[in-house]
Amino acid sequence: MGILENLYKMTAIQDFINNPGYLLMLAIGSFLLYLGIRKQYEPLLLVPIAFGVILANLPGGGMGVVSADLINLEGGHTKNLLEIAQDHGIMNFLYYSLIKTGFLPPIIFMGIGALTDFGPMLRNLRLAFFGAAAQLGIFIVLIAAIALGFTAKEAASLGIIGGADGPTAIYTTIKLAPHLLGPIAIAAYSYMALVPVIIPLVVRLTCSKKELLIHMKDMDKQYPSKLKIKNLRAVKIAFPIVLGIIISIFVPSAVPLLGMLLFGNLIKEIGVNVARLSEAATGSILNTATIFLGLSVGATMTAEVFLDFKTIMIVVGGFLAFAVSIFGGIMGVKVTNLFTKKKINPLCGATGLSAVPMASRVANDIALKYDSSNHILQYCMSSNISGVIGSAVAAGVLISFLQ
Amino acid sequence: MNEMGIALELLGVGMVTVFIILALVVILGDLIIRFVNKFMPEPEKVSAAKSTVSVPEINSKKIAAIVSAVSKVTNGGGRVVNIEKL
Amino acid sequence: MNEMGIALELLGVGMVTVFIILALVVILGDLIIRFVNKFMPEPEKVSAAKSTVSVPEINSKKIAAIVSAVSKVTNGGGRVVNIEKL
Amino acid sequence: MGILENLYKMTAIQDFINNPGYLLMLAIGSFLLYLGIRKQYEPLLLVPIAFGVILANLPGGGMGVVSADLINLEGGHTKNLLEIAQDHGIMNFLYYSLIKTGFLPPIIFMGIGALTDFGPMLRNLRLAFFGAAAQLGIFIVLIAAIALGFTAKEAASLGIIGGADGPTAIYTTIKLAPHLLGPIAIAAYSYMALVPVIIPLVVRLTCSKKELLIHMKDMDKQYPSKLKIKNLRAVKIAFPIVLGIIISIFVPSAVPLLGMLLFGNLIKEIGVNVARLSEAATGSILNTATIFLGLSVGATMTAEVFLDFKTIMIVVGGFLAFAVSIFGGIMGVKVTNLFTKKKINPLCGATGLSAVPMASRVANDIALKYDSSNHILQYCMSSNISGVIGSAVAAGVLISFLQ
Amino acid sequence: MGILENLYKMTAIQDFINNPGYLLMLAIGSFLLYLGIRKQYEPLLLVPIAFGVILANLPGGGMGVVSADLINLEGGHTKNLLEIAQDHGIMNFLYYSLIKTGFLPPIIFMGIGALTDFGPMLRNLRLAFFGAAAQLGIFIVLIAAIALGFTAKEAASLGIIGGADGPTAIYTTIKLAPHLLGPIAIAAYSYMALVPVIIPLVVRLTCSKKELLIHMKDMDKQYPSKLKIKNLRAVKIAFPIVLGIIISIFVPSAVPLLGMLLFGNLIKEIGVNVARLSEAATGSILNTATIFLGLSVGATMTAEVFLDFKTIMIVVGGFLAFAVSIFGGIMGVKVTNLFTKKKINPLCGATGLSAVPMASRVANDIALKYDSSNHILQYCMSSNISGVIGSAVAAGVLISFLQ
Amino acid sequence: MNEMGIALELLGVGMVTVFIILALVVILGDLIIRFVNKFMPEPEKVSAAKSTVSVPEINSKKIAAIVSAVSKVTNGGGRVVNIEKL
């Protein structure tokens, strides 16, 4: 009898009876796994996040991230990592050493930088400008969220989903509203996966057939103006260095993200002499960081934190932020077209929201549907890549003003 | 409303900053290209020789040839995990 | 003896738990197999098509060619684990 | 004169004269290296452990793991990792950040999961049940150890050697009796390497020739009952998710181990879409974890800690635990055979103790010696793999009751 | 108006006006990048260091390593890593967890050990002795630096540059004079890259043509004495173990460096059974360590720390240390030649300063210029490899006496 | 001057230690070679047999063949970094 009672006490059955929210969270985790595995929504991130959600909501497993209140001590001190591991288990050890410190997002940006080729952007440099207009959703949703009762920090973390950049959204949220990290990360990655749905939707609502038929290569032939690059390798090496320094002077709080992005890009472009480094940055470091980021971000989503009205607002707001950003990019092109003879296809603005290179592929497919000779992929890539810089800059502004 | 004031200011500051920065990206990129075109128009030969080393031009046909060669001599036991251009 | 009492209880609880869990492994495994056999008996084609999309740089025909070449010469013993475009 | 004196003081010669135990430990470390290199006993773990033993016993080198008494401060606080590194050197930094936190064993389990194929188990699911009987040695040795004066926590750590699973033994010992970590880890890995000796020994003592001649494939033909799996990939993906959730509800304290094992397995089975993750889990993460686990576990074996009566008890008790577990697995089959017509070869029970896949290979070799057509490898793999789950569950029970 | 003011405050422009030193540091960082990328001076280390310098000197970016005064609390305590990350950003998190703890240099030594082949040294064992004479520059520059007003600890860190070994120099400086880490690391790696210039310079000043014509292979034929190695693999496995133990007894403080070097070498020599470990040690671990070591060492060079008179002294003193070490190696040979019939080419002494294998290649080229049949590479490698051990021993002595 | 005294002592202790250690390297290396020559002059067969079990059985001739094949198709620019037996 005593044995059976002890056996029952050991199980988590009573916890589920006391708090059925755990079961709901397990269902949500399983649904996210379904999205990642079957629907192939950004599986590299969504699968670890989803599994982290499941681990965190197995009561008694000690794999859920605990509130910072349990970590903070008096006098501005915190528990140290050894104490965190002993008191709260390995998932909190991971979360507080790798995520809460703001460490992993810049590390992932280093890997992304080492995977990014700035070539398409350099060849169509003017289009890079539309990466700015496509940050509109960030700030519009920020305003809307404040109107709905979010604090400024929470609203900024919600808005940054409109940057369409996972690590940037995570980094900003860590700095401003860590209690919303789970839903914001999931919204960011889910909507990135839904870009093939969201872009056509916004384009259909805002662009005329005539605009979508604007033929980028014909325009280039009609109004040739582009600088020819005589030594691409030298330009590609100089570009991240100069850019990094100048941007950082204007938005210093973006240095951890943009600095690491451009460092990764630099070691990529230097090539063979530092190939060991770029292999590590894009290989073991990036992959390891992705696993631990995913698991521990997912593990922040315990029933208590997630089952909150704000989560639904994040789901809705994140979608709006995406849509408004795409709208901003399109409007940026339309306004420009009012003043220039050399017209730009508005699809090259829609791709300003990051989500490299998926946004460009989607935009290209739309253009080809209207005119099968209108290959605009290379043009879209320019604003697409500059959108990464744009959202990191926007994040820097938000962090600088609100932290 | 104070929070809303901040929000509106952020809309202003944020969008202006992003526009300035991406304008700088365009301008700096242009300047770098012009600078490089003027002062180092050709990939310098020393560096070029070295840099070709860095872009392993092993095309897929060659890979297929290698893979099949490997399979043959190893009777199916070997696999080419990685081929690096030296 | 108290410690010994704990030990005996652990023998009971432990072995019972292990038996229950591995019985669950057997039962759940069985149920999963039945469920999958009933509701998704065939590996779905959509997913297969999608996954080729996710291997971006080397086109699928080339991969198929390499893979079949490897399979052929290795009598099914070899596998191409990873092909990277260099 | 002063120079020579200072020179002598710098050396560790006086330390060896004061405490010749160091020399004995260096000899033990060298012997372990011999086992790992020449005898090829689990070299991946035993070589780093052995080198850790050597490093720890070079007095003055500061590479031995110090007692937790030197790390714990008053009020439940501990030194932080930076203080540990500065006061006690890099090996303590490694040990207290990676081992004492319980971090590495689950990480290694993630890698093992990503290397494990549950296919053979799914195809012979009923045999998985015998992975339970083969945990008997854990609890029998636990009782014996308590009778001989070990505390319950120490006895549990000793018994878990009978699970034949290195990371599980290490994880349990970290949680229950960290001062015994070195000898228990070494015993676990040494006896795993001795499986080709221990299994035949126990089989010879307990099984009749008639039993060993039971032909598994013939039995399958005679009594066909197995479910045919129509979509192996879908089953393999669903299995770790469902299993993980259900097991974790019953034994929540096994979540860090089993959760990570099944996460690793899941990313393996998803395949190409998350190949980067499974490559990292089985490659750089697993290998790095192995090096640091081995070195720092070895470094816990300083002369003061190791040269203790308990070490000998662990060596003896660990062997018993292995033997009794194999015996348990065999008896499990024998008892089952009493009640069924479809007989099972008892070798399929002997492999229930983990040590994948070596135990199965050894059992297969024995079966083939009696009947050269009796290939039982695939059958053995079922209980062999389930033995990993079984010992992790047993560890969870022990931790849950004793911590 | 308020917006523009806030926008201006966000930028770092005012910081540059207040402290133009930052601009100078950015120029220095860019120059180091030029050396690493264009001149190919040890790019694997110099590029990350240079980028670290740039990141650290973007005011407001929070990527500069702060003084230990801000980390140390009263009572011998320090901020924990989580507090360091929150107060001072990710670069300080990296620096204080990986560098200040002394962690990365031994880890890099493990990788170097796993890349080093002791074969050439074992085949020409007697020449290994000249790795000792080539440590002279360390101690001569130490004396000179003290005469010029450096503290003993600073002087030792400066002198160790003469060991021509990056990780050893960094490890010693972390232990003795962490405030000089940036310039010393840069000097060490820059002069290692300048070995093709420095060795010929010193050789020209000290060696006669007759000496440089000494033909090593002819001497070997004339005075055959070398032991033939019948089982190279066994020797190569035993060597790091025995050597590690004996050296560590004499210079215990060198254990973290030499122990890890010899562990790396051991797993290399064991071969296939532990290939996973040596792949990790030379691959993902070494590359990751190099990136983070480089970035965070570079990030110690903030304007305040670097723009100091001592920096110039380090640049000059480092060069002297290199030159005197080469001189010491050459004089070691010359003195030996006075007493033996079997003459040694002094170039085999010049290579005693480490910088493997570049020093040997340079020496070989010089020898071939004088006599195109005089291939001395294998001979040079002996003192070259032993020079690594020699400088680690010297570092151990310095740390033992001064820490 | 005290600091200078330390410096001179370090010169003495340091150089003496380095010379002793590298003398030990020479002597120990010599002893190990003699010991191994005497007691295990040949790479033992048992271990060799064992290691072939664990070594993917791709023998050196095959590797040579593969390497030369790779060199040929890549014009000397490729190298086979690793071949694994599956």
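Letters are used for the chains, namely A, B, C, D, E and F, taken in the order the chains are written, and counting of residues starts over at 1 for each.
Rule of thumb we're sticking to: a residue touches a chain if its C-beta (ideal position, glycine included) is under 8 Å from a C-beta of that chain, and two chains touch if they have at least 3 such contacts.
All figures in this text were calculated on a predicted structure; none of them were measured in a lab.
K.L.:
So, comparing C-alpha centroids, which chain is the farthest one from subunit D?
P.N.:
Most remote chain from subunit D, centroid-wise, comes out as B.
K.L.:
If we define chain centres by averaging CA atoms, which chain lands farthest from subunit F? Would you check?
P.N.:
Computed centres place A farthest from subunit F.
K.L.:
Cα centroid separation between subunit B and subunit D, in whole Å?
P.N.:
The answer is 44 Å.
K.L.:
Report the inter-centroid distance (CA atoms only) between subunit C and subunit D in whole Å.
P.N.:
22
K.L.:
Taking the mean of the C-alpha atoms as each chain's centre, how many Å separate subunit A from subunit D?
P.N.:
Comparing mean C-alpha positions, subunit D is 40 Å from subunit A.
K.L.:
Can you check how far apart subunit A and subunit C are, centre to centre, with Cα atoms defining each centre and the answer in Å?
P.N.:
30
K.L.:
Quick check on subunit F: which residues sit in contact with 2+ other chains?
P.N.:
If we look for residues of subunit F contacting two or more partner chains, we find 9, 13, 17, 51, 54, 86.
K.L.:
Which positions in subunit A are in touch with at least two other chains?
P.N.:
Where subunit A meets two or more other chains at a single residue, that happens at 6, 10, 40, 80-81, 250-251, 273, 283-284, 397, 401.
K.L.:
Subunit E touches which residues of subunit D in the complex?
P.N.:
On the subunit D side, the touching residues are 6, 10-13, 16, 26, 30, 33, 37, 40, 43-44, 47-48, 51, 54-55, 58-63, 80-83, 85-86, 89-90, 93-94, 283-284, 286-288, 290-291, 295.
K.L.:
Which residues of subunit A touch subunit E in the complex?
P.N.:
71, 76-81, 84, 96-97, 100-103, 106, 237, 241, 244-245, 248-253, 255-256, 259, 263, 266-267, 270, 273-274, 276-277, 279-281, 283-285, 397, 400-401
K.L.:
What does subunit A use to touch subunit C in their complex?
P.N.:
Touching subunit C from subunit A are residues 2-3, 6-7, 10, 38, 40.
K.L.:
Along subunit B, where are the residues that touch subunit A in the complex?
P.N.:
3-4, 6-11, 13-15, 17-26, 28-30, 32-37, 40-43, 47, 50-51, 53-55
K.L.:
Under the touch definition given earlier, write down the residues of subunit F that touch subunit D in their complex.
P.N.:
9, 12-13, 16-17, 47, 50-51, 54
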